[in-house]
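In what follows, structures are represented as structure tokens.
Two complexes come next, and they have one chain in common, chain A, joined by chain B in the first and chain C in the second.
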Partner chain A sequence: MSAGLNLTLHVWRQAGPNAAGRMVDYKATDISPEMSFLEMLDVVNERLIESGGDPIAFDHDCREGICGMCGVMINGAAHGPMKLTTACQLHMRTFKDGDEITIEPWRAAGFPVVRDLVVDRSALDRIIQAGGYISAPTGSAQDANALPIPKQDADEAMDAAACIGCGACVAACPNSSASLFTSAKITHLGKLPQGQPERYRRALSMVAQMDLEGFGGCTLFGECQEACPKGISIDSITQMNRDYLWASLTKREEKKVAGAG
Partner chain B sequence: MGALGKFWESSVGKKIVMGVTGVILVGFVIGHMAGNLQFFAGADRYNAYARLLKHDIIELTWIVRGTLIVSVILHVTAAYQLTMRNRAARPADYALREPQVSTYASRTMRWGGVYLLVFLLYHIGHFTTGWFHPAFSETGTWGNVAIAFKSVPVALFYLGAMALLALHLYHGIWACARTLGFARPSANPLQRRIALVLAIVVSVGFSLLPLSVVLGFVR
Partner chain C sequence: MTVKLDSKIPGGPLAEKWDAHRFEMKLVNPANKRKYHVIVVGSGLAGAAAAASMSELGYNVSCFAYQDSPRRAHSIAAQGGINAAKNYRNDGDSIRRLFYDTIKGGDFRAREANVYRLAQISVDIIDQCVAQGVPFAREYGGLLANRSFGGAQVSRTFYARGQTGQQLLLGAYQALEKEIAHGSVTMYSRHEMLDLVTIDGVARGIITRDMVSGKIEAHVADAVVLGTGGYGNVFYLSTNAKGCNVTATWRAHKKGAAFANPCYTQIHPTCIPQSGDHQSKLTLMSESLRNDGRVWVPKRREDCGKHPSEIAEDDRDYYLERKYPSFGNLSPRDIASRAAKEACDDGRGVGPGGRGVYLDFADAIKRLGKAAIEERYGNLFEMYERITAEDPYTVPMRIYPASHYSMGGLWVDYNLMSNVQGLHVIGEANFSDHGANRLGASALMQGLGDGYYVIPNTIGHYLASNKLGKVTADHPEFRAAIEQVEGRQRRLLGIKGKRTPDSFHKELGKIMWEKCGMARNAKGLNEALQEIPALREEFWQNVTVPGSGEELNQSLEKAGRVADFLEFGELLVTDALHREESCGGHFREEHQTEDGEAKRNDEQFAYVAAWEYAGEGKSPILNKEPLVFENVHLATRSYK
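Coming up: the complex of A and B.
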């Protein structure tokens, strides 16, 4: 067992959505390098509770890097210094004894702070509700092999589908843009045959919802791709822009009386 | 709101407008730079070229000017509105945020763009209308250039603009291909060779004029 780490944490504390927040310093002593980042926060919270203090609120759920709940800004990087990981999969061996660690919530108009490090990411759900789905008729599922899909399309769709909705792309973007998130779903469904009927309507309505939620626009800084724990490429943003442009050019009026059969 | 209004209201729509106008403006700076290099072919050749543009094909010149003016207005308006929205999208900033991969060029787009706009207005007043030129001659375009760049501050102002133009093109040309959706998927999407080459060629090509005068190669 290696020696424990002694760290200084600078943590954003905010009692509620409308309360004024501030950075508060904490000593985290004798932290095992084998702990995950969240376990380190658990230990700090245990000690805070024991000493009669108020524990630091942070989001977490699966703690195995697939649920997307646990994002925080760690030393200025979304999910911390390690690439392709969520905060729960970041381990304390990444840090050195004596390190100072700044921990902040995601910052975006679309992600209001609920308490301390917890933000409300339901704006992302509303973007999905605007068109990030396919409408499938009921009945027995047809044979999977009945719809041939080129390998490359299947691969690109799967890569985009890896999004866990953690919001790191928004957090890392200097514009607080949700373009990577929105475009990942547009690419995932737009690459597959099942996504085609709603493809262009989807691009228009998801982009409209993204703007409505108060997220910024994409200026291709590239920070989102670097922050994404699932390694989703900004190529998906190109796909979104292409679909949006094509959708705008080919949009047809929806018929009001016809179409009933 | 009509379809066009909705398109303009959307953040992606505004970016597409910036991309299309960007393509027009990049095409213009390449042509303008190539035309400028005739400066080194001597006064007669350069003045004849200026006469061609300002008299012989003036109608065509005005069509190009009109397109460019509309492009600049749309490009700047969209950039301003998007910048304001992007600022509003982060009402409370981080105490600490470390840029991971964003380039210096991408972070200079906004203030660099403002510098280029100021430069553009000065430049038109300098060499097109002659308002800011100490000894402007309608027919002696070569002399106008040679006299203007004898002033070191003026030459430096132009060279500064060309450095920022290089950064603007380096990010802008690459971003444009992605905004307009014609960039192909890439294993390394941050790579930008074509943008790098065009940025260097255009800015160095333009810079040769003030440099050659201020360093005394052309008298």
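Coming up: the complex of A and C.
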């Protein structure tokens, strides 16, 4: 066991959505390098509660880097300094004794702060509602092997489908754009034959919803790709733009037929 | 016996029961479906699939989850895969074989009819998921790939890299979001269910807390479906997500729902060992790793401190291969876990505290090449390295068992309805299909089977067969329930003691793990039955919960869940003490064969133990549902 770390944290505290926030300093002493970043926050919170203080609210659940619930800015980087790593999987051995660590919530117009480090990411769900699915009601499927899919297409779909919806891409983007998130879903579904019937409709409505939620436009800075804990490639944004453009050029009136739907 | 346990298993031959039952069940007229309001608590595989499918049928659905988005339910973390009797490999699989493997894997403590239906439905699940765009692994020919899992000798597990649960859940989540957009599902994220409301014994709604505003609210419905997951976190350290809790099912239990087989808990053999007291959860390394990894410990105690590369081949004990030659490293979970514990108890464990065994890929890398192993398990190896700072390509992984899954849960009949009319329970939250031990890749199958195919059918039958009066949230039962929930919350906030909710949870977990974990005996269980109530009493006098109820308050959420675990833990231990046999995940040291294998007692214990709540401070009442086996022979489970 290596010796415990003594750290100084600068943490964003905000009592509620409409309250004013501010940075507050905390000493985190005797932190084991084996701890995850969130376990370090647990220790700080336990000590705060025991001394009558107000623990720091932060979102988390799986602590395995897959649910996408955790996510904070650590020294200005979404999920902290380690590439391809969520905050819950970041370990304290990444830090040195005496380090100062600034911890802030995701900052984006589309993600209002709920409390301290907790933000409201429901806008991402609404982007999915706008078309991030394949309409295949339960019971309507044919045999799973009836439609072979080239391995490479399935693999590329999987690469994009690995998105955990944490919002790090938005937080890292200078424009607070949700393009990487949106395009990952468009790419996942668009690579598969099952996704073709709704492909262009999907691109139009998901992009429209993204704009409506107050996310900024994409100017291909590439910060999102750097911050993404799942390594989603910025190529998916190119794919989205292509689908969107094609959809806008070829948009057909959708006929409302009585008895349909 | 006071509760009536009617399993409602349809008559007729096993293979025709579900088909015949579907024909016999009543239907709701399509035009009337939207007049029915169904509450689904949970948006995991079971809940999301159920909510989406019922909405597609036309029901008016409300869905609740404690996370900020339905996509984050704990199902997202499942890694290895999902079983289905597709027999795409032509290796002798069939519905009957999946059925038999599951019954046997569960150590003959599950209902035949439910398990057979699950095996039948398994085939449709894969079709449905592919249609939704789930990117399962494929062969170069474009067809679906399979892998093997523990407890089976056929290759029937479908997977999406090491993220099968994520992809299946995203499929169900996207279907759910589609229905939300359509307006027939209302989603309540960041809402925690804190009570069930029954009127004249019929479930008519729930009480929730809006976790952002703190508002306690009543929701009225014609039927309630719980898909709230398992209670593995009663051990504090487990592979479950931090928020997984027993609250929803426990509160339903206190409102009359029988809790079945709580002592059937699964300890998963391949988790990353604990690194210190700060540990907040344990990380699973998928069972699929046992396809290519070999489990071993040093033969001699004095070698345990050595670097594994310094331990010669002859000095290694590949104990699973030695003890269970036909299943070897793919022995079922309960058996592999206990074998690891035995090796460590024997002083031959490795790593900090001697609580670990090696899972070694050197042979597989030699045989298949590093690239093939990377392709199969790359993301798991990365995860391991991130957590332990060791490279499993060059140093064997260290693993140790951890609490993982709960086979027990609320008692349900064949229609997945509890003994409380109108209260249905799906997914890990019910007890139904896995007996005393669940096989790998079968929970995803069950969650989706319940959600996509069973409940959308059986709910219609319930609604069509019962005349439900109109009820509003002003009903005295709703008001009483709200008052009760608010009162309890005030009490938690008012104690202002000295200890944090988490410190109590940790202490409870320690009692549960040491006295009611992988191996149990009467002495330890009786001690636990003293220690848990004492700890509970201290909790209610000495816990401290900062802040107020009218805000986002994670300490308050935690305290409520810990309070429920402190009650539930006692029931789990009570069940473990009463079951004087060893079966599946429940190993009573008093009941073992000479070579240390589990010894079942079919004469006396071939039943489901469904516990009934008898009131504050009273002993729970045991009800028994006998298990009748007409299609399989109750054999001694052997993987030798």
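Annotations for the structure displayed:
Keep in mind that, in the parts below, the second predicted complex is superposed on the first by the 252 of 261 C-alpha atoms of A that agree within 3 Å, B and C clash if a C-alpha of one lies under 4 Å from a C-alpha of the other, contacts with A are read in each partner's own complex, and residues count from 1 in each chain.
Here, a contact is a pair of C-beta atoms (placed from the backbone, for glycine too) under 8 Å apart; a residue touches a chain by one contact, two chains touch by 3 or more.
The structure displayed is predicted, hence computed values, not measured ones.
The superposition on chain A brings chain B alongside chain C with room for both. In the superposition on chain A, A:Thr250 makes contact with neither chain B nor chain C.
Using CA centres, the angle subtended at chain A by chain B and chain C is 160 degrees, rounded to a multiple of 10. Partner contacting the larger number of chain A residues, of chain B and chain C: C. In the superposition on chain A, A:Ala77 makes contact with chain B only, not with chain C.
In the overlay built on the shared chain, the residue A:Asp120 is in contact with chain C alone; chain B does not reach it. By the touch criterion defined above, A:Asn18 reaches neither chain B nor chain C. Of the two partner chains, chain C is the only one that A:Ala161 touches; chain B does not reach it.
With both structures placed on the common chain, the touch criterion links A:Glu39 to chain C but leaves chain B unconnected.
Within the superposed three-chain model, A:Gly195 lies in touch with chain C and out of touch with chain B [touch as defined at top].
In the overlay built on the shared chain, the residue A:Ser51 is in contact with neither chain B nor chain C. For the pair chain B and chain C, the minimum alpha-carbon spacing after aligning on chain A is 17 Å.
Those residues of chain C that touch chain A in the complex are listed here as 49, 52-53, 56, 67-72, 74, 76-77, 86, 88, 124, 126-133, 135-144, 160-161, 163, 166-167, 170, 173-175, 177-178, 180-181, 187, 189, 212, 241-243, 275-276, 278-281, 283-284, 382-383, 386-387, 389, 452-453, 456, 498-500, 502-503, 544, 546-547, 551-552, 554-555. By the touch rule above, chain B contacts chain A in their complex via residues 3, 6-7, 9-16, 82, 85-86, 88-103, 106-107, 109, 171, 174-175, 177-183, 185-186, 189-190.
Chain A makes touch with chain B in their complex at residues 10, 12, 23, 73, 75-77, 102, 104, 107-110, 156, 172, 174-177, 207-208, 210-211, 214-223, 225-227, 233-235, 237-246, 248, 251.
Here chain A touches chain C in the complex through residues 1, 15-16, 32, 34-36, 38-39, 42-43, 46, 49-50, 52-55, 57, 59-69, 82, 84-85, 89, 91, 93, 114-115, 118, 120-122, 124-125, 128-130, 132-145, 147-151, 154-155, 157-158, 161-162, 164-165, 188-189, 192, 194-195, going by the rule given at the top.
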